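Beneath this line is the structure, given in structure tokens, with notes to follow.
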């Protein structure tokens, strides 16, 4: 299968290793990976702030960039949700409505792609250690992603998955929310991170790097012990 | 009819000209004009068998702290009430009249004063009652509830003001679920409903203080349901 | 009370949120209370044959009612007045207050007992009554506590969930002259004894209403304590102040909605007392009020009704579930919202009720996690409405500096070279960042005050791919 990658802007510049890991895994599974270099941002930041005209400018570009893709895999649940759920809203009753729907229909979040599209749970990965999984809210509630990441993690040799009490609680990132309402965002991070610390794990895994940015940022300042975070793909890429 | 009736209705009509999207998928479209939405099958399931229903009611009563007791006869029920009266050192029970309740009241000890309120009552008298004794419309197995109404249960206050509410019901009054409870009322009253209907589920309670359950906030601290054949 | 604050609501909110998010003990108390709720609710939901299907059915019932609101309100009035009930239609709070005050005057009322009515809070009814010399006592335990505290309710289902028993013990000692105790049972008994007198002596009982039943002309009231039953049972005059949106088409609809309200609201199978009032005392009935007045309150609900996209916000049955699962609510607490209706649903409807520009910040103060929408028993699309409020606020009036930022952003995103350059400059900018870190000049200050920011990678994914592709050729 020819898999077209959607690498969100912040992964592009802050966590490129996540993209690299996804490429590695897909190629290991025998698929051709394509990456249209013209892609930039999905438009979520202005969209969430209510600036939908501005978001449309950027989204239109993405529609064009991914027009020829057979199937699109997103490295992030929240940006994947932009394609799958919110482009439909943005382009409702507009000429691009059909194209937006088509893009949504062919887009998958990474773990959903592996488990539900390819039917793969074991990618031949090995990772020693105890981890806990944080459910990114967009992936969890907009896309319904809950079981897929866990099935993938359970197949990783040497990995022990421990659920935290607050697995489904929002980490407090929420895009611009994190800087517009920093006191609330930080309070939410505190609740999340205390729950992580309580599990005793040394690694946090998530399918959303923006969440990990928030969580790791808080952990670095406040955790009594070192805890590292990895995107799900980074764990699955290890052998 | 008073106030801004016409302006409000006009605003509503104007507002409703634009149709609203649905964010849900109703499972029955056939009956939309009747606005009846079948939903009974989604609620907690209840057995068909009367014995099962009584058992469910009993289980829920335990959870709710309702004292539920199957009695062999009105005499048996009266004996239990007498025991409660001794335990609580009761002087007076307030009650209304009815065939079932009279059959039990007749067997209560002479020493227990019966305050009949069918023709009204003084507030002081109601305040002095140690217990309120009533019949009911039905019992609801699905939720462990007692359905009372003004005509069936001595008015609005009798079943809520005294600190202990005692209900006498017969087995035939056990209904499977709330839908059946409402159906029963519809059939019995033929649209001329009483001004007061209530589904009572357990004694009065509150969790307002640190979410700690406390019984007897304003209504009865104790609820006893006696079931006779 | 924050309604008299001089600061604009958006600024007041930030100030209050600063304070409440720093209140560790308070946050822990709220988290604890809501953890118990979560466990109870899980069990009760599982008892349903299908909770998800039940939500669909409940949503359809409310959809039917609200989308034919005029028809059903007319039907309610016809049935209710046929049994001697009186209906007053109030376009706004002032009209509702005036009607109730006139009624109290007419009837020579001296003492009023109230059961829970968020509509009463909404229109500031108590202050208006007290100003005219009426004694008004809240009978719901949590509402009574808040009344004595001179505070609005913290949560519209659990009014004093933020208080510890010691605080309540101290309050009762101070305000009721009660012997000091910290025991919840004893405290409840103190309130019970205090209120007994008031129930018996009150000339007027004022309640809210959970549902308006069109088919049978009834007002349905849900409670656990029994105080609403006493409010509607003992005084000579009963007034129910109800929002027009509380409509349900049929009496039998309550067989679904009441268990769902209980499950979502408190994790109970059914709330302690669900009572339907269809008029004043009827001929032949032993007791009950001589008069029953229903005040139907619009107060901007028709404005929300006209917004077809968000009309389902009027389906709300005020269960409070969205508050209970909301991480914002849990961390800032109910009072920080500064308005009658808190939490996610409050954040959706307050801009419609009180002005979009003044109250848009409540829709902004959300990470859009969607827990509210997931929890809602009637499937209101809550978190998407928050997004829509943001869009509507911008469409009405753009914030100049935000406009600038997004213009710059779109300019960059339309030009691959500009985007790639920004990505390459980021690591450099980061090296300079420590110079301003934490100071007033730090553009990342809202973040870096409490969190580390990651280092930009030396090589972006774009560059990695491009180099690999070139090497593969």
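Which chain is which? They are A, B and C, in the order written, and residues in each are numbered from 1.
As a convention for this text, contacts are C-beta pairs under 8 Å (C-beta built on N, C-alpha and C of every residue); 3 or more make two chains touch, one makes a residue touch a chain.
A quick note: this is a predicted structure, and the numbers were derived from the prediction, not measured.
Colleague: If each chain is a node and each touching pair an edge, is that a line, ring, star, complete or other?
Modeller: It is a line, because the chains touch in a row without closing up.
Colleague: Where's the contact count highest, between which chains?
Modeller: The chain pair with the largest number of C-beta contacts is B-C.
Colleague: CA centre of subunit A versus CA centre of subunit B: separation in Å?
Modeller: Here subunit A and subunit B have centroids separated by 52 Å.
Colleague: Taking the mean of the CA coordinates per chain, how far is subunit B from subunit C in Å?
Modeller: Centre-to-centre distance between subunit B and subunit C: 29 Å.
Colleague: So how far apart, in whole Å, are subunit A and subunit C when each is placed at the average of its C-alpha atoms?
Modeller: Using C-alpha averages as centres, the distance is 32 Å.
Colleague: Subunit C touches which residues of subunit B in the complex?
Modeller: My answer: residues 1-5, 7-9, 11-16, 18-27, 32, 35-45, 60, 96, 117-121, 123, 127, 143-145, 150-151, 154-158, 160-161, 177-179, 181-183, 185-186, 191, 193-212, 214, 216-220.
Colleague: Tell me, which parts of subunit A touch subunit C in their complex?
Modeller: Counting only subunit A, the residues touching subunit C are 7, 9, 11-17, 19-20, 23, 35, 37-38, 40-41, 43, 45-52, 54, 57-58, 61, 89, 137-138, 140-142, 168-170, 172-175, 177-189, 191, 213-214, 216-218, 220-221.
Colleague: Which residues, counting only subunit C, touch subunit A once they are in their complex?
Modeller: Those residues of subunit C that touch subunit A are 14, 17-18, 21-22, 27, 31, 327-328, 330-332, 364-371, 373-374, 384, 387, 389-395, 398, 402-403, 406-407, 409-410, 413-414, 416, 419, 423, 426, 444, 446-447, 449-457, 459-462, 464-466.
Colleague: Contact residues on subunit C for subunit B in the complex?
Modeller: Residue list for subunit C touching subunit B: 29, 32-33, 36-37, 47-51, 53-61, 63-64, 66-70, 73-74, 77, 81, 83, 86-91, 95, 99, 139-142, 145, 158-161, 163-165, 168, 184-185, 187-189, 191-192, 195-196, 199-200, 216, 218, 224-227, 229-230, 232-234, 244, 249-256, 258-259, 266, 268-282, 284-288, 292, 296, 298, 302-303, 305-306, 308-309, 311-312, 379-381.
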